[in-house]
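Read from first to last, the chains carry the letters A, B, C, D, E and F; within each, the first residue is number 1.
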C-alpha cells in the first residue's frame, strides 16, 4: 500500500520528466484587509478532482501534459523577507532544471519571490499582470514588502515599459499616474475591462521571456467572491480565459495565480473557478507531449 | 382548522382539475462530488412565497394556470434503481391522467425515471437538455446509473438525433465526440453559450412531443452557485429565460428542473432563481385558463 | 487620547462645514420575507476602510469632498410610524442647514421619511428610483406603511409624472399598470435592464430638484446577493455606476441607498459593492472643494 | 394524489379529535438586536423528520398522542398589536374547543397573545417562564409591546406571585428587584442555573392552571446558538428536559416555545434541539391515548 | 523534489513497518437526513496539522508510534454493497498483514465492511459501540444496508451478548428492547450518559478481540455539531476520551471513527475534535515503539 | 450633530478621568493555523450593545465605572516587532497616567507588547495566564516572536516562579516540562480544568502587581468556537467567570483578552461571550465610583 499523493488533478509526472512544476506558497501575513489566501493552494488541490482533465475550449487534456505538483512550501508566518527567500529559492531550482515554475498563492506578495528568480535567470523578462489593483504603492503603512506594493517592487528590478497591466480598477491616483508613465496599462472603465490590449501586448513583447501573474480578483466578485478585497466591475471568466489563450504564443517562462481566499466563498464556486483556470493556464503555457 | 399545505406558490389546483403536476424527487445518492440536491425541492417550495405569481416577462400569472403540487416522493437513499422505479411510476400516473409531470430534482439522474415514463407514453419523444455537462458517460466508476450518465441512458432509449444539448462546457473528449455524432449539440465556447440553436431545435422538432430537462448548472455559477458542480462560463438568467420562452410553441409533455443544492448558496439567491425559473417554466408550458 | 470615530471612509468634515451628511436608518421591521437590512449602514461603515478614497472612474477623490457622517439613528423596532418621524426630522434638519442628506437603509420604507422632508422643502421635487420591485402596492397585508408600498406613498405626496422608475422586474400586474399610467417606468425585460431612459429622464426633469433612491436589489443577485429579496435578471455594477454618473448634471437634493442585508452575503462582496457605490454616489452628487 | 401536509412529525390528528394544537407565530418585528425568529416554526416542522417519534427518556411515543398542527399564522410585520390580536384569537379558538394551544414563536412577544387568551379562559392561571432574560422592562425605547417587556405585560394581567422565573441571568438591576418583589425567581449564578426551584414551584402552584413559556435562550449558547441574543452561562439540554418532565404533574393549559432563530446556527443543531424539546414537551403535557 | 503526501499528522511509517493502518471510506449514499460525511476523512487529514503530536492526557506522542495512513478508498456512490466489499477487502488485507485497521468514515454503514473482515479473522470478536443511535433497525425504508441498521447487521454476524452499546439516546422503542435482550446497553438518560459501564464491559470481554466503533454523534452537539443527525444530551469530550483510555487494556484488533460531516460545522471545531480523538485513539490502541 | 463614537458599551469616560483604558490590537500576522483574530476587537465593540451594562453575577454596573475606550491601533501587518513596539508604547502611556490598560487582541503575541510596558513600570509583576496552550516554545519554525512563544518571551523578562498557568491542555512535551520547572501550572486533565489553583495563586502572589492575560481558547470550543485553534476539553463560561471574580482581590495593573476570531463563529455566540467576559473583567478589576 502506498500513501496518497496530494496533487492537482493530472499533475503526477515525476519532477525529472516534467515541463512545468506547480508549487504553493500559503502565505498571507501582509494582507491588510481580510486574510485567508494561505488556504488557497490546498483548496485548489483538494477540489481539483471535481473538474475534468479535458478542456473543450482548447480541445486539449492535462493527461497529455507533463506537470509535477510539488505541494506547498512551509513558510514562516510574520516574516515576509524569509518567505520570499524560500519562494525565490524554489523557483530558481525549478528554472535551473529548465522547467516552468507555476506558483500558487497566497497573497500577491508571493509573486515577488518567483519574479526575482525569473529576472535573474531571464534578465529581459517582461511581466504581464491581470489584477483589480495597481499594486504600485511605494510602501503600505511604512512597509515596502506588502501585497499593495508588489508590482512596484517588480518595477524596481526590471524598470520602465516592461510591465503590462490589465483589468486595473482600484488604486491611489498617483499609482495610476505611475502606471501610465512607467508601465503599459489598460485600465478598466465603466464600460468594462479592456482586454483588447492583450493582442497589443503580445506584439510589443515579441519573443522576450514573460512572467505571467494572475491576481484572481481581476475577475468580477460576482463570479469570484472568494478573495480578500473584492472589487466590483471586473472581468468575466470567459474574458479572462480568452486573454490567457491569446498569450499561448508567448514565451512564458513562469506564472502564478494568487489571492484565492477559499473560506470567503462558502459555495466553493471560487475555488472551482480557480481550478478550471489553472487547468486552462497549464494547457496554454505547457507543451503537449 | 385545516392543516397547512406544502406547495409551490399558486399551485393549489386539485389533482383532478390540474393541467400540470409538480412532484419532487429528493435524491442525490450517486452524486460524486458534493451532495445536497435532495434539499432542492423542499427549498423551492419554502422560498416560493418570496416571489410574485405574476411575470412581467410573459405578462401572465400563476393564478391563471391549473397546477397541482404533489409534494415529494419518499425515496430509498442508496438504491438508484428503486428510486428511478418510484419516479417512473409517479410520472406514468400523471401522464396517464393526461397531465404534464413537472419533476423537481434532486440530482440529474432522476430525469431518467420520468423520461422512461414519457418515452413509453410518447415513443417519438425528443429530449431538450440545458446543462453544463454532457452527462454522456457510458458508466461512472463502473456504475451505469449515475448522474454523469443520465443523458446517455436516455439515448439508449430513443437513439440518434433525438437529443438537443445546450450550454455544455464540460465532459470528457469522447463525450463531446459522441454528442456531435449521435445528438445535436451547441457547445459553449470562450465566447459564451450558443442559444441561437434553440430556434433551430424548435424547427427540427416540429410537433413531436418534447421532454425538457434543465440542469440548473447550465447557469453561470456567478448567478447560481447553489449546485454541486459549479462550472464557470455559463449562461445568464436572462439567456435561459429567453430560451425557455422560445420553447413555448413546442408540445412539451413533461419537464424537470434539477441540481439545485440550496445549502451551498447561503444567501438564498440560487433558490430564489430556481423559484423564478419554475414560475416562468410553468407559465411557458401550461395553458392559461 | 481621543475616542475612535465611526464614519464612512473620508467623511470626517464637521457638520457645520459639510455639503452632504450621511446618516443611517437601521430599520427592517416591515420586511416581509427575510430581515437583516438593519445591519446595512454599520456594515458599510466598518468595511469602507477596505476601499480607496480615489475613483478611477470619475478621477475624483473623497478627500476633496466635504461630507459628514452622523452615524445611525436609534429607531424603535416594531413601530414604523415613529421610525419614519425620526428619519424625517433628521433629514429636515440637514436640509434646513442647506446640506444634502444621504440616507443609508435599512429597508426601503425608510425612504419615505427622508422623502417627506425633501418634498416639504422642495415641493416640485422629482423621485428617481432604481429598484427590482415596483413598490407600488396600496397596502401589504393591510399595512400601508410597508417596504412594498413605499413608492406608492411617495406618489401620494407628489402625484403623477414625477416618479422615474428603472430596473423594475417584479410586482403585481396592477402595479405595472399603475406605473405606466402615473409614473415613468423603463421596465426590465428578458433582454436586460433599460437604462437608456436615464438620459430621457434627465431631459424631462431639467433643473427641478431630485430625490434619488437606490434599492440595491436593482443589481443582479449574481453580484449582489446580500439582500432580502434577490431578484434575478438585474443590472451589472457598471450599468448602475454609469447611470449614477449620468445623473451628476441634475440638482440632486437628497439621496438614499438601501436594502443591503450584509449577513446574507457571507463573502462580504455585497457590502464591498455598496461601499464602492456610496463612494461613487458621493463623488457624483457633491461638489469637490 | 393528495397535497403534502406541512406538520410537525407525528402531529396529524384532525383538529376535532386533537387534545393539543400546535400553531406558529413567525413574528420578530420588535426584536432589537438580531432578527430571524420568524423562521423558527417553519424550521422546526421541516427538520422534525430527522428525529424519532419515540422518546427513550419518557418511554412514550408521539404516535400515541393526539396532536394537530395548524401551521403558521400570517401576521402583519411591523404591527405588533395586530399580530398579538391574531395570536390571541387563535389561542382562544383552541381553548374554547377544550384543547391545549402549543404556540411556536417567533420572538418572545408572541407569548402575550396566547397568554391573554389563557388568562381570560383561566383567570387563576400561573406563568412558568424558562428564559435567560427577565423580560420585565416597563418599556423598551419607549415601546411597551416589546420582547423585552413581555413578562411585565403578563404581570400587568395577573399580578403578584403568579409568575415563576427560571434560568434568568440577564437584565437591568431594577428588573431583578421587580422579580424578587413581585414574582418568584430562581436566578442563575456563577454556579449555574438553579432548577431545584422547579419542585417548589410545582408545590406552590398546586392544581391551578399553568401557562408554560420556554424562551429557548435559557439553554447555554454552547448547545443552542441559534437565537438572537445568546447569553452565556445557561442550562444544558438535560437540565431543561428534566425540568419539563417535572412539570408533567401540573395542569398545563397552554404552552409556547420561542426565540429559535435557525439561520444563526448553520449546523442545524439548534433546530434539532428545538424539535427534540417540542417532542418531549408534547409527551409531557398531553395525555397518551 | 518529491510530491507531498496526504496523511494524518505523524502517521508516515511505511506500510510494511506499521502496527496500525488508517484508511478512509468517504461514503454517505444511504444517509437519510443530511449527507456530507464523505468529506470527513479528508478534513481530518487536512486539519490534523493544527494539533500537536503529543498528548498531555496520556503523556505519549504519535512520534513514538508506527502508523501508516493509506489515504481514501475510491468508492462507488449509490452502490452500498460494492462500497462495503471494497472496505472489507482493504481491512482484510491489513488484518492479514497482522496490523490494526483504523477506518475513517463516512457514514456509519462503512463499519459493516471492516467488521466483516474482523469477524472472519477473529470469530470471537466483540463490538464496542459509542453512538447516539441504536442503529438496530431491521431495515430502513425497506433497505437492510443502511446506516440505521449497521449494528443490527453486525449482530447478524456475531449474535447475542457480544455487542456493548454506550451513549445511546435515540431509536425506535423496539430497538431499545432488542438491545436490552440481545446486547449489552447502557442507555443515556436525562441524567446524562452512563459510561460507568465501560469498566464492566472491559471485565466481561476479558481477552477476547474487540472491534471498536465510534460514531462521533455520541458527543453532545454542543461540542460536535458537525454531523448529519445531531442528537442533544450527549457526552462531553472528556467523558469520551476517558472511556477510550479505559479501553486501552483490551485487545482492540480494529477500530473506526465515523459520521464527521465537516461542512456542517463552519467553525472547524468538530473537525479539530475528531483529529484530537483520533490522536488519542491511536495512542490508546497502538504500542509505542 | 456629532459623529458617532465607536466604543465598548458604557465605556465613554474621557481619558483624563478614566481608571482603565481599553485599546485594541487587531494583529494576527504570526498566526500559524487560521487567521482572523484581527477582527476581534472591532466585533466586540460592535456587538457590545447586545448585552446589558448590569451584571447579576457581581451586582454591579458598567455605568458605575470610569472606563475609556481608545479604539484600535493601526498596526503594520507582516511586521511583528513594529506592532509590538506600538502596543508597548500605548500601554506605557496609559500606565504612566496611572491607569490600567485593558488590551484586546488579536493573536496572543500582542500580550508581549503590553507586558513589556507593565514589567518596566512594575518590575515585580506576576503573570496569570488562562489558555489552552502552553505558549512556551523557544521559537516556532525559527521565529521567536510568535503566538506560540509569547509566554516564553514573558518568562525571558521576569524569570522563574512568576507565571501562573491555568487551563493548559496542549503543547509539546518539553513545554509542559518547562512549565513545571519554571512556572506554576495547573494543567487540564481528562477530569477537566483545575481552577482550584486560582485560590493558591492568589495566596502566592499576595500584593504583588499582576498582569492578567486571557486567551479565550481556554474556554471549551463547545461554547467558544470562534478562535483559530479550538482545543477540546476546555472550561465552561461559569468556571472562567468564577476564576476571574476570585482574582478581584489582587492588584491587577493590566489585563488583556485575546484570540477571538469572530468569523469562525457565524452564530455570533463567541463574540457575545467575549463581550460578557469583558464586562465582568472590567467589573472585577476596576473600582466602582
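Keep in mind that, in the parts below, contacts are C-beta pairs under 8 Å (C-beta built on N, C-alpha and C of every residue); 3 or more make two chains touch, one makes a residue touch a chain.
These figures come from a predicted structure and were not determined experimentally.
J.: When you check each chain against chain B and chain D, which touch both of them?
T.: Both chain B and chain D are touched by C, E, going by the contact rule given at the top.
J.: Counting shared numbers against all numbers at the contact of chain D and chain E, is it over half, same, or under half, different?
T.: Both copies, chain D as well as chain E, present different residues to each other, with under half of the numbers appearing on both sides.
J.: For the pairs C-F and A-C, output the one whose chains share more C-beta pairs in contact.
T.: By the number of C-beta pairs in contact, the winner is A-C.
J.: Which of A-E, A-F or E-F has the same interface as B-D, meaning more than half of the contact pairs match by residue number?
T.: The chain pair with the recurring interface is A-E.
J.: At what distance in angstrom does the C-alpha mean of chain D lie from that of chain C?
T.: Their C-alpha centroids are separated by 39 Å.
J.: Quick one: report the Å distance separating chain A from chain B, using the average Cα coordinate of each chain.
T.: Averaging C-alpha atoms per chain gives centres 38 Å apart.
J.: Which residues of chain E are in contact with two or more other chains?
T.: Within chain E, the residues that touch at least two other chains are 220, 222-223, 265-266.
J.: How are the chains arranged in terms of who touches whom: line, ring, star, complete or other?
T.: other
J.: Can you identify all of the chain pairs that touch?
T.: A-B, A-C, A-E, A-F, B-C, B-D, B-E, C-D, C-F, D-E, D-F, E-F
J.: Along chain B, where are the residues that touch chain D in the complex?
T.: Where chain B meets chain D, its residues are 1-7, 12, 15, 21, 42, 46, 68-72, 93, 266.
J.: Within their complex, state which residues of chain C touch chain A.
T.: Touch list, chain C to chain A: 49-52, 54, 56-57, 59, 61, 220, 222-223, 236-238, 241-242, 245, 265-269, 272-273, 276-277.
J.: Sort out for me which residues of chain D touch chain C in the complex.
T.: Residues 28-32, 35-36, 38, 74, 76-80, 82, 141-143, 145-146.
J.: Report the residues of chain E in contact with chain D in the complex, numbered from low to high.
T.: On the chain E side, the touching residues are 33-34, 168-173, 176, 187-192, 220-223, 225-226, 229-233, 264-266.
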